[in-house]
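There are structures below to look over.
Shared between the two complexes below is chain A, which has chain B as its partner in the first and chain C in the second.
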Partner chain A sequence: MFKRHKKDIAGWIIMAPSIILFVFFLWEPLLASVVMSFYSAKGIRLERFVGFQNYIEVVQHPDFKAAFFNTFLYTFWSLVIGFLVPIILAIIINEIIHFKGFFRVSVYLPNVIPGLAVAIMWLYIYRAGKTGLLNILLGKLGFPPQAWLTKSHLVIPLIVLFMTWRSAGATTLIYLARLQGIDPELYEAATIDGAGIWARLKYITLPQIYNLARTLLILQIIFVFQVLYEPLVLTNGGPNNASTTLMLLVYKYAFEKFDYPKAASISVIIALILLLLTTVYNRLVKVNEE
Partner chain B sequence: MNRLFSLKKDYGLLRTYDFRRNSVKFLYLLIYLVGFIVVFVAVFPIIWTILSGFKDLREFVNEPRILPKSYDINKFIETWKLLNFSKFYLNSFIVVIGSIVFAVVGNGLLGYALSKIKPKGYKLIYYLLLWSLMIPTTTSIVPLFINIVRLGLQGSFIPLWLSAGANAFFVILYKNFFDSIPQSIIEAARIDGGGEWSIFFKVVFPLSYPINTVITIFTINSAWSDFLLPYLLLNNTGKETVMVRLFQFRTSVATDVDIIRAVTFSIIPPILLFAFFQRYMMEGMTRGGIKG
Partner chain C sequence: MKKFLIFFLLLLLIFNGSEIFAQKKIVLKLGMWPEPTLKSDIEMFEKWKKEFEKKYPNVQVVPATYKYSPDTFVPLAESGNLPTIFETWFTEPQKLIAGGFVKDITNELKKKGWDSLMNPSVKQILSKNNRIYGVPRDAYALGMYLNLELFEKAGLMNPDGTPKYPKTWDELAKFAKIIKDKTGSAGFCLLAKDNAGGWHFTQIAWNFGAKLEIQKDGKWYANLNSPEVVAAMNFVKDLKWKYNVLTDDPTSEDWGSGFEAIATGRAAMYLGAQDAVNQPTQVYGMPLDKLAIVPVPAGPKGHQYSLMGGTPYMFSAKATSDEIMAALNFLEIMGKAPVVTPESLAGMKADAENRVKNGVPVIPSFPAWIAKDWLKAQEEITKQYRNVDMRLYNDYYNWIKKPNVLRPEEPYLTQDMYAELTKVLQAVVTDKNADVKKLLDVANSNLQKMLDMYVNKKK
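Up next, the complex of A and B:
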């Protein structure tokens, strides 16, 4: 009994330093964010409880509506452009016999480049005028140069495109590991039963990665919902708020206007939306399975 | 050509016997073609960026060419000196080193306690960690910033080091690794009278070489790439990291070619790291199964 007690104490002592770090960096800020959103403040000092005042003001501001819809647009485009790409890449690389390592390494390479550097690189790729890379390449095919990032209907897909460029490789590796874990005998048996290539893809490969794809889908939504410095660096939310996001609003309230409570209230809204999306999604998936 | 298709393939969708059909041979060639296009798309923007650094300003702004006219490394050296990059490299280096220490020791100790000591109530911590993986942390950047300001740690590297010690993803990687170390080794050390600290540092730590390597490489990469927190803490303090400096170009008078060379400076260390340790990085990526 005494020994057990001693072990518990030793365990908690060892965990204490890290737990303090987690409290300081993650858990307390999360709670503080919620508390702060209900207060007025001067700089970092909370002044008085104002109920939902911050939320009301934030939501009524015209920027909010744009940011809100845009954030969903980002998510939508990232599912259209980004979700299937890693799955297809993984299936392709898994089939390749020669140079498999080469393909894997190349696909993963963009992931090691710092996000900010990637954003600046793509700023030059999308650059208006004839010397942006995209315009150079299109110019060789005879197309006139475009001012890509000033087109409000194109700006979000363009940003999502380079987000996909940067992060698809990592996801591909995860799918690839799953594909390599599929029992070869499943394919063997299916083939003996006369299943063609497409049937094998449909009845073996895809069901085997279904659960993984579901988890990665949620993670991708969470990831894309926080999109911040891609629009910050490329367009600063422009043209005309066409690429602004909720996180960008948080950033602007907090570090340009120094209105921390308003920033916090948008943060809470983001967290709630994500919580809601994840729950609804899990429900839907469960219903489908039954 | 025929040799290519006489190979045995006993895994995946396509099998050896499928290759007897011409349509499958065609499909297989198509797969390779798509593969090479993908490689091109993945790698070309990086190569273009590096090559563009060899252009002079007029060439870069006016001429729609992919390759530069000449390759003079002195242009890079001039930009390096002009923008004082040695200083920012040094700052980033300091951030990286401190982060490694905290990432390995901090997350390692917690992972060890969760895996091998399991004190009463440890499950609560474990679930909180799993939750942390799902909850977007950037949304609480404001209160975190305020926490740091309250402690007077603004303008210092310390918060950046410490933040590496609070990485739920690393703790879970550590816990999973320690789960594979037999409990009997730990029990034996306990019977020999070792306290938990000394067991961790003398018994578990030396066995943890593979996971420590993975965590170290990941930490180097993320500490080097991190931007938002370093920017909020270090902007205009003389302690800017490479990434903070890169962001400052947005509002500076640096020319386009200087900026694109600076981008090259900022991506070379991670690319070298990847070149040497690609197997560890890709392994860690798959083992964790979560976006970094």
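Up next, the complex of A and C:
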């Protein structure tokens, strides 16, 4: 018994620093946040247990409904606009013979720039009037200048476009790594059997990246569901709440109103929704496989 | 080992010893100490610090530059690292008091006799349940900033070099149109990005005769969809769709960008108060002779209010009474307290000199204190260092001195109310077919819901 444990000691010692860090910087704050959502507080000093009062108040707040549905809209648009982009990019780069390294670096570049800087850059792109970059470009083609981010039905897709531009590169690299791991003999065999490029794509490439795509899909949902700084910088949630999100509400409760318990309760709600989505998704996928 | 122990004990003794000495000195951490880049401001503070420490040798002044920002404030306060005294925004006092972050300084103010010298409307902003939590650095009263270069280009100047400015909102629309047609710049800069949008709109709506919150039988009611508010909102809508005189995208304009618009000639008129006069000039380099501040235009029925508030100094909740007294004494040296002493006079002068050096108009501040001798001293110093043509400001100052012109902000959930109004503003400046009444109905019921949830329930 003791001997077995003794064998584990080295493992535990190796893990200890990360476990301590995790406990201290992730699990403890996470728990504290859940606890806080059930209390009233002054600043971050808990005062008394209030049950679900915070939850009731945030849900009843007029901004909640808009934020709730918008967050799903962001996720929806991010899948429509952004899910296939990295797959296509990866396949193209994989097929390229010359300058492969150059393209690989290029798609990843937007990730290197700090997030806020990029957001501000896109603010110039979408800027209204004759000085906006997009308007300048479209102006050359004869289109009148538009106030892009003020169109309530367009604002979320526009923000998602920016998010895709920013993060597609990193995902592309993951797909690319998987693509390069595919045994070339499969392609050779298929070519000998007379398969064209589309058949090879359909019968070899896509099945090979299916599992990876499945994981990345759910990761993307989790990531986009927590969209915060893009709308914060570009529109501050406007016009008339058309681009506000649940995380933006969290931010506003925490840093504009100093109402931390309410911020915590929305965070818990977000976590629950994501948990639910992930479970349902995994179930569906499993059913499909069986 | 023994040697080590003795050494250790000695070390402990030294440390404790010095701590005992240090405890005798009161430590005053000054949050309003200027940022390292503001060289001449720092020189001024160094001088004040030296004087102060000579006068109060038991106090040690420690620079602890803190530029208030909501996302750094709470961690700083909760970890006990807040400076003894710091400057915050005029929107924050009630929030900071409610969160228990700031110290009740009523007793200290009474000891100084300053509690009765504070401008009553300003005192109200800084108080809760008759306890006072701050002192005003400045107070502000909204007026209208003009870019005179655009007025000149549009031919809207009198022969004597003063601007012909709009006296009513109707005139404003016409003037703005002329400016837009003749110069291509926006006539008026409307804010619709964040709560400042609702704040400015409140000023417009008041002049259209609106009252945004009313009390009836001890309960508070939202009043955002009254005919007056609808008229004001329709006016704003017209500025965008009928006259087309706003900047390219009002939903991207906030308090700071408005001053940038005025300074750079992107817009000709903008609501702003006298306390922000360094924004277009020092920050955005506007020449002093191209700036004027005039009264806010009157509404259709002649209402002409000026929304007023104050920029406060507040104090760390963890500060001791001695530290608070030290902080108040420092304000005396800076000339920000309602007392006239050689030091405070020198403080006011230093401030005025510094403004001249940085190209900021030396104009009267808004009377945050009502101590007569202090007001007089301030007036004289302002006169002495004058660097602008006062004819460009006189109408504004004469106007806010009139009775019943100044009006403090609506009392409850003010920021939430501004947020609701901002949403409506965003809708009307982005949608030509926006139904103003319907949008305001929604805003009104939203605000009512919040009033019932947070204000009426607790009474």
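Keep in mind that, in the parts below, the second predicted complex is superposed on the first by the 270 of 290 C-alpha atoms of A that agree within 3 Å, B and C clash if a C-alpha of one lies under 4 Å from a C-alpha of the other, contacts with A are read in each partner's own complex, and residues count from 1 in each chain.
Operating definition for what follows: a contact is a pair of C-beta atoms (placed from the backbone, for glycine too) under 8 Å apart; a residue touches a chain by one contact, two chains touch by 3 or more.
No experiment lies behind these values; they were computed from the predicted model shown.
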Exercise for the section: Classify the contacts of A:Thr150 with the two partner chains as first (chain B alone), second (chain C alone), both, or neither. Expected result: second
Practice task
State whether A:Ile44 touches chain B only (first), chain C only (second), both chains, or neither.
Solution key: both
Practice task
Would you check which partner chain A:Phe255 touches, where first means chain B only, second means chain C only, and both and neither mean what they say?
Solution key: both
Practice task
Would you mind checking which one, chain B or chain C, touches more residues on chain A?
Solution key: B
Practice task
Tell me which partner A:Asn241 touches in the superposition: chain B (first), chain C (second), both or neither.
Solution key: second
Exercise for the section: Tell me which partner A:Ala199 touches in the superposition: chain B (first), chain C (second), both or neither. Expected result: neither
Exercise for the section: Return first, second, both or neither, reflecting whether A:Ala189 touches chain B, chain C, both chains, or no partner chain. Expected result: neither
Practice task
Residue by residue on chain A, keep only those touching chain B in one complex and chain C in the other, then list them.
Solution key: 44, 130-131, 255, 260
Exercise for the section: Name, in rising order, each residue of chain A that touches chain B in their complex. Expected result: 7-15, 17-19, 21-22, 24-30, 32-33, 36, 44, 89, 91-98, 102-117, 120-122, 124-125, 130-131, 133, 135-136, 139, 165, 167, 169-171, 173-174, 176-177, 179-180, 184, 187-188, 191, 197, 200-201, 205, 219-220, 222-223, 225-226, 228-229, 233, 247, 250, 254-255, 260, 263-264, 267-268, 270-271, 274, 278
Practice task
Can you check the complex and tell me which residues of chain A touch chain C?
Solution key: 42-45, 57, 60-62, 123, 127-131, 145, 147, 149-152, 235-236, 238-241, 255-258, 260
Completion exercise
In their shared complex, chain A is touched by residues of chain B numbered 4, 7, 9-15, 17-18, 24, 27-28, 31-32, 34-35, 38-39, 41-43, 45-46, 48-49, 52, 60-66, 102, 106-107, 109-110, 112-114, 117-122, 125, 128-129, 132, 134-147, 149-150, 162-163, 165-166, 168, 171, 195-197, 200, 221, 224-225, 227-228, 232, 243, 246-247, 249-250, 256, 259-260, 263, 266-267, 270-271, 273-274, 278, 281-282, 285-286, 289-292
Handout entry: Residues on chain C engaged by chain A in the complex (per definition of touch)
Key = 70-71, 73-74, 77-78, 95-96, 98-101, 192-194, 247-249, 251-252, 415, 420, 422-424, 426-427, 429-431, 439, 442, 446, 449-450, 453
